[in-house]
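Chain naming follows the written order as A, B, C, D, E and F, and within any one chain the residues start at number 1.
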Amino acid sequence: MFSKKRIELIIEKPAFKRACRVFEDSGVTGYTALPCMAGYGNGNRWQRGTDLSASRDMVMIISIVDEDLLPKITQQLENLIGAHIGVLSLADVQVIRDDRF
Amino acid sequence: MSLDLALSTILSPIVLFFVLGLFAALLRSQMTVPEAFAKGLAIYLMMAIGLKGGVEMSKATLGPDILILAAVAILLSFLIPFLAYNALRITSKMDRINAAATAGHYGSISIVTFVAATQALQYAGIVTSGYMVAIAALMEVPAIISALLLARRGLSKGGEVAGSEKGELFREVMLNASVVVLVGSLIIGWVTGEQGMEKISPFFVTPFQGVLCLFLLDMGLSAGRGLRQGWRDLNVGALSFGIYMPLISAAITAGICKALSMTLGDTALLITLAASASYIAVPAAMRLALPKAKPSIYLTLSLGVTFPFNLTLGIPLYILLAQWVVS
Amino acid sequence: MSLDLALSTILSPIVLFFVLGLFAALLRSQMTVPEAFAKGLAIYLMMAIGLKGGVEMSKATLGPDILILAAVAILLSFLIPFLAYNALRITSKMDRINAAATAGHYGSISIVTFVAATQALQYAGIVTSGYMVAIAALMEVPAIISALLLARRGLSKGGEVAGSEKGELFREVMLNASVVVLVGSLIIGWVTGEQGMEKISPFFVTPFQGVLCLFLLDMGLSAGRGLRQGWRDLNVGALSFGIYMPLISAAITAGICKALSMTLGDTALLITLAASASYIAVPAAMRLALPKAKPSIYLTLSLGVTFPFNLTLGIPLYILLAQWVVS
Amino acid sequence: MSLDLALSTILSPIVLFFVLGLFAALLRSQMTVPEAFAKGLAIYLMMAIGLKGGVEMSKATLGPDILILAAVAILLSFLIPFLAYNALRITSKMDRINAAATAGHYGSISIVTFVAATQALQYAGIVTSGYMVAIAALMEVPAIISALLLARRGLSKGGEVAGSEKGELFREVMLNASVVVLVGSLIIGWVTGEQGMEKISPFFVTPFQGVLCLFLLDMGLSAGRGLRQGWRDLNVGALSFGIYMPLISAAITAGICKALSMTLGDTALLITLAASASYIAVPAAMRLALPKAKPSIYLTLSLGVTFPFNLTLGIPLYILLAQWVVS
Amino acid sequence: MFSKKRIELIIEKPAFKRACRVFEDSGVTGYTALPCMAGYGNGNRWQRGTDLSASRDMVMIISIVDEDLLPKITQQLENLIGAHIGVLSLADVQVIRDDRF
Amino acid sequence: MFSKKRIELIIEKPAFKRACRVFEDSGVTGYTALPCMAGYGNGNRWQRGTDLSASRDMVMIISIVDEDLLPKITQQLENLIGAHIGVLSLADVQVIRDDRF
């Protein structure tokens, strides 16, 4: 078992492509995005399908990365969620194959 | 007779289903039309009106007036936001960025409002031109540029957002679903003409109004939910903007139509387009270009206030206005 | 001739597509009709029958009998669960809570079963009244109250579940999609009448039976999957309840219809409503109100056993019963 | 006249909407038809062609030739992959596993290509047999077995993948949506005949071509995206395979049809089936059976290259070929 | 980097609104819900879209919260999953902006 | 609070049933699957709904398990993602009821 970091970024859908580029440019081996269906923040609720433009939807992006990549990627993501609605958190995970990430 | 028309518009199944959805949402019913289904219907509706417009264009001879009309439409879409911005800044205390983003919505258009007006006109036996669909498509985008110009001064000069790419906004806006489907279907309708339409009209023409009922039920639910969630973020000045702004745009456009001596039907449609506000293409663009602007403000106004107003009272009013102007 | 009727009902495309879905699921095919699409079709179907009922109501003069019928329908929905509860407790060893929750499903109704019966009657040339749609809507909810009353004794007195809110069940139940759309469309059909219907009937009337085929394919898949997953949780007593209970409800209702001297068509429909069991509104309500009751029990019975029985054998039987009672 | 036919096929709304989607995707438009909606439409289309074929079968008397035709079709599906495999290995440097998986796709069929050919033939007034739908269904699966046989030597002998179950591939393949719905609807159409069809034809027959337009818009988007993402994984040899392989299959099948002295319409359809490649059933099966093969290779070829080729140029060509062979 | 807790609640959809109220009332800054598509528990499988009432669907709610809020919220959530079908787990995460949560 | 392991497996949809069987056979009390909507790996992006066969979709399976089950289950999952496209990671979580897992 090897230690890696799990980046979890919840971000508004209109900024999804930007977030993808940030991940890709920072050299991660991959990431996976999941659709979100509802949420709450700042006293406001949102719900998917309520708004035809889908501009209030959120997506969650998960990426398992090597610790070495963290500084660069978190700095870029901080910039992103400085402009866009989003929540970022990091966690420790173990993986089986070290060279995969 | 004109009151008759107003009443028959308001009591048409289309509008009544919208009102049903609106009330269900305001009463906090959980019912929803599934997102994927509603989006599918939206594509259907845009194909249908594109095709219809295209076929009509294939039957008419297009004079140079259409180019003038196109230029006027683009200008309207481009200029209305400047008016809207100042109106908002005066009547509500909205900050620059939000006022600019909201103003952009009112320069752009709502294709569903356009369709509802077409139906009302058709019901009243008033003829409209096929190329008005192209005019509608042309009015979607210019307002977005105005919003960016208006917001420029309010924007921090802090460089690009991480991950942004040159041309992303342009691609988002010029190739969004409604532009692609509307313009594409218009061209297909134009190329294949009446003969091509024949085989597909049992799908795109006959059931059109029924599909619209189902779609407007969903729009009612969306509008009601938008209003219920968002009205707290808006003061009276902002809320009233959602009603007086369409009327201002309508009045200005009516004058222009008179100057261009357009037909009754086309006048009513151009007025409706100018008076309608976007709630699909522009919100998505604003999240990219002006992420600091709050969706709860601009979506509540365009979808929760202006759209219901236009659909119920606005359209009959705009038709009456067109009748008054043309005669 | 009545056997003919039975056969033609069973061999109609609607029922055959249901059977196709049922077998596909039992044979463990992975095929699915996408949830969003099926839900969209369900809304379409409810709009269509609401509109149809409303238009027919606008043409008829409604006497006071309709009020009596409404009262009877509400009572049936309210009382059948008590009967069902005791039947379940006697024939299976089901515990209180599960028996109460299941009983609630059998007091309420299945709108698809109702529609299928309407189609069979129409095919046989038997007239039905538009207001039966309203009767169907009235029978959705009362049974839920009965289920709660029945379960009361079995419930722990441990206070409210965290996060629960006063009125949440009421709102869930009274404003669920099927009540909103059915009643709303009924009123819209009533208000706009035949004239309003004209333009939208190419969407809501003409293709109705075809849409029903597609929808019933999905229902077959759901029923088959429910049965395949859930039958292990049920003993023979419980499984047989899914078949004898509709017959009991049908018999009782037939007697009542005779006493009220209802028409043949309406008798057949009221019998069908009483004999049908809910699998949409009531399960959702039960998860909120009686979370200790197991969905695998009540859903398997109502969707996996009773629904297929009613759709294939039940409806022809109920029509025959109605013919026998009325004549 | 035959050039006329080709032109009218290429300029039909169906093909034009496909091209619209293709271009939108290649220009990187974000527009999508929601997955659930497109899948719902796919089920509708399969029901419609199954029913149509079944009803036509109920009117015809089926001779023993149909059994021979069935055997030939199964053989074609089974043998084409061996040809395709060797062609691929020679013209591109593709490895065994990927070549085998890709070859499997070309032995199987594309039901949408089949439908488009039916439409073109119908438009040209050429009669086809109802049982060709059954033939199409028969050709879906055998090619998968061939792909497995071809890949056998390239597979590691390392035992089963964790979690695999006996018969999973068989169930996946034999009971996939398109087999279930096509065959099921064919039987239902056959059993209920013209009379059963009458009530549901306003849904399954009249709007069919229109629905096809909407569906092909989505197919165009998929094909364009597949091509844009995948072409980098393919060399010129592989890409050209996507065009010359259908032509080879078409030529061989044309010869067989002549030998069987089939009618013009059926010849054109069998050629089209042989020349078409799967992009739904086979990719899913290959992920299970040959997970080492890359979807970006086989999907790009079958959906991104062969499908667009067949839809635009292939079908008119196959009809001309059939005319030449039969006359 | 600041340490926070990540609450992950998998709960049946009919109880979703109740779960939302629990989170909101306990003072979290926000939460995000994701749709689930299938699952297994107690020997039974469920799958989304199988049942028209959607009463067997599950949703996952994720909330990044400050440690201080944990006692109150876990107690309330325990009550909730005492009555409803659900699974609760907590994990340690790091965030960039302390005051956001 | 009791310590458990959270298994997160992102796997291609065609292998979903196989993954389910691995979990079930290894004796976990349950798992939950979530749909993914897009992703990136090896320089390639995928997106849900792009491909009618859905053969490139991914799903995420989450299972809270007791540490004791780990060796068996990770070995089986390693075999699975040896053949199929997938990413596996493990994390530490706390739960309230020990006997639930």
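One rule holds for everything that comes next: a residue touches a chain if its C-beta (ideal position, glycine included) is under 8 Å from a C-beta of that chain, and two chains touch if they have at least 3 such contacts.
The structure displayed is predicted, hence computed values, not measured ones.
**Student:** Note down the smallest number of touching-chain steps it takes to go from chain B to chain D.
**Tutor:** 1
**Student:** Compare the CA centroid of chain A with every other chain's and tell me the farthest one.
**Tutor:** C
**Student:** Let me spell it out: compute each chain's centre from its C-alpha atoms, then which one is farthest from chain E's centre?
**Tutor:** Centre of mass proxy via C-alpha means gives D as farthest from chain E.
**Student:** Does A-E or D-F have the larger number of C-beta pairs in contact?
**Tutor:** Answer to which pair has more contacts is D-F.
**Student:** Indicate the whole-number Å distance between the mean C-alpha point of chain B and the mean C-alpha point of chain E.
**Tutor:** Chain centres of chain B and chain E, defined by C-alpha means, are spaced 39 Å apart.
**Student:** Between chain D and chain E, what distance separates the C-alpha centroids? Give it in angstrom.
**Tutor:** 45
**Student:** Roughly how many whole angstrom separate the Cα centroids of chain E and chain F?
**Tutor:** 19
**Student:** Any chance you could list the residues of chain C touching two or more other chains?
**Tutor:** 32, 34-40, 207, in rising order.
**Student:** Among the residues of chain F, which ones contact at least 2 other chains?
**Tutor:** 20, 34-35, 45, 91-92, in rising order.
**Student:** All pairs of touching chains?
**Tutor:** Per the contact definition above, the touching pairs are A-B, A-E, A-F, B-C, B-D, C-D, C-E, D-F, E-F.
**Student:** Which residues of chain F touch chain D in their complex?
**Tutor:** Interface residues on the chain F side: 12, 14-15, 17-22, 25, 44-45, 47-56, 76-77, 79-80, 82-85.
**Student:** For the complex, which residues does chain B have touching chain A?
**Tutor:** Chain B residues touching chain A: 32, 34-35, 38-39, 42, 161-165, 168, 219, 222, 225-226, 229, 279-284, 286-288, 291-292, 295-296, 299, 303.
**Student:** Residue numbers of chain E touching chain F in their complex, please.
**Tutor:** Touch residues, chain E against chain F: 8, 10, 34-42, 45, 58, 60, 74, 78, 87-92.
**Student:** Could you pull out which chain B residues touch chain C in their complex?
**Tutor:** 11-13, 16-17, 20, 24, 27-38, 40, 206-211, 213-214, 217
**Student:** Given the complex with chain E, which residues does chain F contribute to the contact?
**Tutor:** Chain F reaches chain E through residues 1, 4, 6, 16, 20, 23-24, 29-35, 59, 62, 64, 91-96, 100.
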